[in-house]
């Protein structure tokens, strides 16, 4: 099974109206080359799940700026004024989720769990419309799993089978997103031979990855 | 009126004294970040960065930035020896699970119950809560580090009027005027800045203040 | 009566034909483990071991055992190139999250609803469920690989009488007598072993069997 | 802060009646030297949380055989006949938990979550006495967090600060247990200098480890 594709080849899987997860924290650890290809392809009405909407000219912020996004599910939009502008103009829907809750909701789907019971957000607007569950006298919010049609991951080293290793703070949401989507595409900064990443040091096992694209450094 | 930079320095210096050797601390963006500059050299504090590592070090020299190593504000940083990286689920498991001894954050408002508002002003500023809600709920000790007033208006209130970041989680408020502990009985003024009077602190605070019988002068 | 070893070989060979290239499979202890010996060479199946890795390989040569590398039965094994290790939470996230294409397990009893009992006999054998409950709930396809009867008594029942491992999760039953699919309408006999009659299968089965209109001879 | 202690020194933290988590899967990845020291110390009435009760002469099975355990919370006891015998004789309490649920319950405590919503165990004896929660039309069991007074971890390489790296299948429950106890003691097969484990390859960050004991290979 050869998982290595060109960016053009994987673009066939990206379609109007999809929900797409993107790894990255303020664009660090985001697959920039794939983002650029999606901008070029011009698909519309995307729902984007990411930590944040990054910057107007960086990371998933480019998709927002190019008006390809109908909804974002993120913990922060403050660094991309275009998200705020579109939100105030009623052009984009913004679901703000506490960062730790966002991570657990994604993990919950990937792990086959029915949801997460978290104390985060209790007594705040985050609890609006949600079920509160009491466990041994303590209250928790029930937060539901999050899934996507496609997860777009950025790996620092990816072996030819699809095992992924992430450099420093590029890891962030990438590993959990690789478990929570129907299709997982990884952009590899470097593609290495099988065996170059020690089994113990693999962070995302290859069985979670469908396609590998060579990205290169940016 | 004292200089803004001096105000920040006073606050950061005082917060830095809260930590003991081995403490794991998460410092928010802005003023809280400056606390790292004043931690005693004999005290090893391990800084957690919620974007995914422990062992946050100072900014790199110009030209030595590593594109893969940033803090939760997206700024280039360094990693101390013995640092460790993890994903966002693990990062917030560490935070929510009580493995962080203290978090230091700024505030728009704090109140008598220890409620904190620091993430949005409806109709004006909606950046998102980022990791703040988890940090305030999860850290063993929540320290608010902020200027005592905003353009002369009190920020320490009877009740927060802005949307909360978390309810009843703040433990300590450090400002340029003093140190206030959040207790079951209300806010207790424990320390006061040199050259400041209790009356001045009360005047700058909307919340009721209980004056500690053992009121001390802030050590800086 | 055919030889026990031959019975096991028939079952293992037939189960091995269920997999396609790239499938991720978890094989239970005992007979299911033997399935690995019969997988077509052109088909790369990745074996998951719930104690914490993918890329389970055959037993090592004597003297080449690695004390740190065992399967979920505690037996020394090897790791295939490209294998990857993880902790138990991740291992079962992979299993429960539907990232395993198929699991093959033995059974004490299976029934018309696809209920499975394979983890205890009250008052007699209570080893614990280990990872079986999660595997049966989580794997995309649940294949029961077992002898058709136990000491002559049927194991494919109208209703399981032993405590269940999971309710309504079994998809396929492979025995030395045939291949039975669990459908909404009941159990469908899809394939039958060479030299076996439908009457013999029915006689050895307590559950109602729907005989497929397209009944085939088991390919081995 | 020097975390390195002798086995005798850490024995002062082990007391009658404690709940102790032990990493290990059929004793692979169990801190055997610490187990031996606990056998020698002879503390009683322990509650042991582990994947299984291993063997009569290996892993936590030795504590069971030595009658130091009043309760085990495990997924499997089949390999240690002594556990079954004591259970049938009413000498030990056995709480059987599906392996994936056991892992998530431990993780939930360590991650500050109020519990886990899992489909595992539905329609079986495992659901007895538990709350069933419906999320978007699907049913899940609410399984509660598990914590311990002490977690005893086995690391293959541990640096002097306490960062841990696990060889192959020794990892199992160790990393999640390191997050779910008041006190965490790691037995190091090898103690290495700080920096020898790359930051990306650390599995258990040092902030979770209280004490390090040199174990040696067995």
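Letters A, B, C and D name the chains as they come in the text, with residue numbers starting at 1 for each one.
Everything that follows uses one rule, which is that a contact is a pair of C-beta atoms (placed from the backbone, for glycine too) under 8 Å apart; a residue touches a chain by one contact, two chains touch by 3 or more.
Predicted model, so just to flag it, every value in this text is computed and none were measured.
Touch-path distance (fewest steps) from chain A to chain D is 1. Number of steps on the shortest path from chain B to chain C, with steps defined by chain touch: 2. Mean C-alpha positions place chain C and chain D at a centre distance of 29 Å. Averaged Cα coordinates give chain B a centre that lies 35 Å from the centre of chain D.
Residues of chain C in contact with at least two other chains: 53, 79, 85-86, 89, 92, 95-96, 137-138.
Counting only residues that touch two or more partner chains, chain A has 104, 107, 111-113, 118-119, 166-168, 171, 199-200, 203. Arrangement of the chains shown, judged by which pairs touch: an irregular graph that fits none of the line, ring, star or complete shapes. Taken together, the chains touch in the following pairs: A-B, A-C, A-D, B-D, C-D. Of all the residues in chain A, the ones that touch chain D in their complex are 104, 108, 111-119, 133, 135-136, 138, 140, 142, 144, 165-168, 171, 198-201, 203. Chain A contributes residues 1, 107, 109-113, 159, 161, 163, 179, 194-195, 199-200, 202, 205-208 to its touches with chain C in the complex. Chain B meets chain D in the complex at residues 21-22, 24, 44, 46, 48, 53-55, 79, 81-86, 89, 92-99, 137-138. Interface residues of chain A facing chain B in the complex, by the touch rule stated above, are 25-29, 51-52, 74-79, 84, 87, 94, 96, 98-104, 106-107, 118-126, 156, 166-176, 203, 217. Every residue of chain C that touches chain D in the complex is listed here, in rising order: 49-53, 66-70, 72-74, 79, 85-89, 91-92, 95-96, 115, 126-134, 137-138, 163-168.
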